[in-house]
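Next come two complexes built around chain A: one with chain B, the other with chain C.
Let's look at the complex of A and B:
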């Protein structure tokens, strides 16, 4: 495995991950103000990941009142441009219709809720470059990651009973290439680089937008999940929910309680029960029901 | 120390169970990154044939072009980062070029529909080129204007027009214009203008 793909975190594994080499944390930047909704990134994703198949045509209704390709993400459609419709109320009383384009895909959280919630060892990993990836060979299809994800991204495949999502093109990153969606984007609203540089670029763009009349422009890099590997520049940065993004995403408290409190208690109880059984057997022997006849080999 | 057969079997079994139970992990490696599917494919640089923008593309074909690689197929098409027009980007239609090439309905032979006919016929390239040449000669002979009404030499051929395509490069377009001017053709256009 290339050194930029060493592991930083592994799901449901008590021992630390094996990655010791450092790798730059990579990120995607999505400037929602320059997205024209051409969907080149969607097609690039489908093409690179070889996800073109008849299932998609079956899953997508032909009409659902939107220019969006699909109503929602699916197990074989990992990158969806959401055509969020918004009517701006202007101070003079007039109204103006806007599309608030948002690229919906895995956010590659620094503190991934899916990985925390996953009970299958090695089914969800985080590489040293920050990318969160699912290993379907180890996936047990329990969908706890769907519960753990604050952005509602992972999808269970009905066919394979495994969960799938955007991999940030790990196969391309491992060989030093950028993700397929980033390469395709004709307007340059998608950009790829190190997190450090992209945050600078995004902040510069926010300043430019504020200067151009978007007073509410802001960068979306939610601290509730430790920052994300996908950062947005939002024209209406004070209302990320208009773009379908949670205002202040956190790993659900149920996952934390379960993993940090209930799971150790459960493990202790199980070990206790086992020990108790052994001690009881040694001290008192097996339980014999009244009237039970001992059967010896000789008698048979 | 002498070990009987029975004792040997007991020790082996206990040892085996112990190894399996305490730390001999048969599970595969934790994370496997998918291999780069275009790592050793043959790269062919080309131009997207769809619109007038003429984006550069790289077509990835299975195999290294060696003698016995015959029934190969295109596995991926993506933007050419060295092409000055698109610098690696592509539109949603251009990205699907693989399906333009690997497609049952793709036209691979010259087809001819005669004037007034209701169906297409398959013809050879030789027949096509000969027929086109004959008709061009006939059209030029029929419509050629050597001198205009004022008696000036013009050498015009107004019976024909030529349209270039977006995949024609500078050199092709240069030759095309040279050739059509030598025929006297005045009406020219190119899809790249549209």
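Let's look at the complex of A and C:
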């Protein structure tokens, strides 16, 4: 966790956190209508985050018949371009083929289900700029965040028994740089900035698309999770599921119940954490040396 | 490129055909996206496969591989019949009004052949194709464009056969899709509109390659799109410096596209007389009149003080080409035992030549092979090729192979010339590892050693090597800035320029090619690059980000743009007859009452508009060519089937394929027919890999893990093939095996009333490197375009089976 980033929320810890000042919420915009599926963002992510591990290629062979690098996100592959083939039936009876490329990664929800579900204090934090970040040294590997996430993002590493996902390159943001994927994208289909500004840009683009053959173009910023730190411009905006995005994501009710149960008895949090640790111990055995993230990654 | 990468953003319509820039030029493709976002430009993609470019296009048309000319000819017919051409431009800036001699027969009236075909020689006698000359020795013209023998009328007649129905029948696309695309493309006929074309190897890898590009150029001329911001015919080059390689040397041209000497041109005078074109119209500038200056300056750069007036500037030391020495012929020569040794620098012939098995055989018949490379490539290790390539037993191969580790692009400085014709200096980032050396050091050491041996032992023709100008401060590893200065050119003796009265002093760098001389007082390694290293320094090092063209993205102070730092070629055509821009918002150059201003004029800056000097100064016609006598298969592009074709040519079944395709005769040069090989196959590249190099790089291997075959869903169903099944694809020359990628992105086509299947697979794999797989070129034919000698990599016949 970069020391110069202030926190808004901390898992299994009474809010508000240390954040006494506010900061503009940052966001990433993905204009799928100008994404060419070049995967520069994938490579940039792998390289900046030191995620590369040749073994993964063998774990995820290309047998599923796609240009997609692998079938799904993994604990050391946080940024995946999904390639979907779709035949649109147009109102005039004609058919139009689409090859839809959409970047899949953590959405940095305003209201993060992962953080809400997490029983380990400090394992998931949300900074004042809205970025949701996992702190592996506090992670107990219980995978409650996986249940809590409406986008199916966090992935448990079989080796480290900890959960990983996109950090929005927090370690770059902290020093005034944009995320690595943004930097690498050659077409400008990825943009980074304040959420407010990007929503304006996205809306303007949607208007343009509506005049250029995409009558159903729309922005994807689902209200069910309070909006997201990653917003999409979709050409076929009435069908986000074609891009692999849930239509109307919500934090699962089980998580909300679990949170409600905890609220009045805050001290139970500690018990929750303890419970989590026990679960972890039972499932995986003793976690010898949690170590630094960097080391974890090399082992992933 | 006639224009440049940044200029794509100025287009109203972008036709991507014979190329896949989103896949293969993702960084440059940003300018197409920019045009879409900032000016609502329409992007049309025409390709055998729904590819990454198609994914972001406004209109996609799927065509059968190798039918591009039919499509473009159809668009031209649509334009000509619907009056969607830029008339003032066509009449004044093209050879539309030029008259052709009586006796020319067009293929529509002559069973698919132009007049003059000799079936024995498989070549044309072009005498009936010639222009009609007047008594003044200039071509006769009819400015009303009504004479039935003027190019315009002949062209109308020629293309009239390409109706929308005919296009649909040849290409296998729907008539509606074609018409929609034709309507969009031709919308730029309005003078204030501009449209561009982006193409690459999807046009050049065919047996009618050059005619594909001729068709595109004709279409752009009819629309008045050449020479203008947002227009042009833009070749996307596939390597960072392939433009530089083309500019500097080929076996069939000299640097700067000077012609290669032939045996019948024994003296310099004979060479100059034969290769300097004569003006065809009184108002033609005919810039190639300067051929002698460029040639002599080049000879002075090669041989310095040993090149004198007395010895014809050492012209006799240049090799004379008695036959085609282009790429495929070199290796055919090796196969036939004529070529004894090969130096292969940054080149992997076993990977990138057609017919990999023949390549392996060819190399195994050499006496020696030197490979300077970053990795041990298929070529360097041809002697241990897997058994699928039928290599001779290693013990029987007599070729002595030398593998020289070479520095890669980041391990040496120098200049890259990109598609935009920008010469951009680059700086070394790291030292090469181990024993690896920069190319100039490898060559430097060779030169010095050869000289030593010639001096000691003599030889048949020592002079070209012994007397070569090699005056570098470090002859073992020449400093590339010194080489750059030599390429630019310098003054060897004081002189006063006759026209400008400017004095030039010995030792000075020339400011550009305009001052080069035929008397030996200047040298220049490549006239076309002249101007890049002047007294002002190395202009290729410039990185000034200020756009001095009012938002058009010309960036005149960024790097150096050959020729003469001109960003758009033929830019005189961007203005009307009076010198006013066709589109005031997108001016190229314009007449300010005294001179031409704007971009660096591709014109004499003080030619008055009323002098009506033709805008295409490199053509002896002075105008753009809708009709080109130089082509070997006809003055107009005509649709010929690929050499291996699934159908008879619907236009003329008796002459199906290009009648002058270059073919080879060894027993390995076999060609398939549709009874055994009914499926059309094409090859392509992937974003994730670069050529045959990146399979040596693990992180990129992760992104595309193995060789695959793209198969239409319907065909897969018919053959019982599922995603991920292993399949075998065979041509007359060999077979490859890989995983099936069953997709909707390729559809069955209805061609001439029957269903034709297309499949395709990527290049990039081979038997060397960290990710091994079959070489795509195992299947490709040795059938070449008759003008450029480029192999038909992109359209051939195969069979498909479950492996």
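The rule is short, and it goes like this: the second predicted complex is superposed on the first by the 250 of 300 C-alpha atoms of A that agree within 3 Å, B and C clash if a C-alpha of one lies under 4 Å from a C-alpha of the other, contacts with A are read in each partner's own complex, and residues count from 1 in each chain.
Everything that follows uses one rule, which is that contacts are C-beta pairs under 8 Å (C-beta built on N, C-alpha and C of every residue); 3 or more make two chains touch, one makes a residue touch a chain.
Just so you know, these numbers come straight off a predicted model, no measurement behind them.
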Margin query: Between chain B and chain C, whom does A:183 touch in the aligned arrangement: first, second, both, or neither?
Written below: first
Checklist line | chain B versus chain C as contact partner of A:225, first or second or both or neither | finding: neither
Check: In the superposed arrangement, which partner chain does A:132 touch: chain B (first), chain C (second), both, or neither?
Finding: neither
Note to self: On the A-aligned overlay, A:109 touches which partner chain: chain B = first, chain C = second, or both, or neither?
What the structure shows: neither
Note to self: Considering only the contact definition stated at the top, list the common interface residues of chain A for chain B and chain C.
What the structure shows: 38-40, 42-43, 47, 52, 186, 188
Item checked: chain A-facing residues of chain C, complex -> 22-23, 26-27, 29-30, 33-34, 36-37, 40, 50, 52-56, 58, 60, 686-688, 698-706, 708, 723-724, 739-745
Next item on the list: Using the touch definition up top, name the residues of chain A that touch chain C in the complex.
Entry: 33-40, 42-43, 46-47, 52, 54, 56-57, 61-67, 69, 85, 87, 97-101, 186-189, 205, 208, 211-213
Note to self: Can you tell me which positions in chain B touch chain A when the two form their complex?
What the structure shows: 27-37, 39, 76-79, 81, 86, 88-92, 95-96, 98-99
Note to self: Help me check something: in the complex, which residues belonging to chain A touch chain B?
What the structure shows: 1-2, 5, 7, 10, 13, 18, 38-40, 42-44, 47-48, 50, 52, 121-122, 125, 127, 133, 135, 137-138, 167, 170-172, 174-175, 177, 180, 183-186, 188
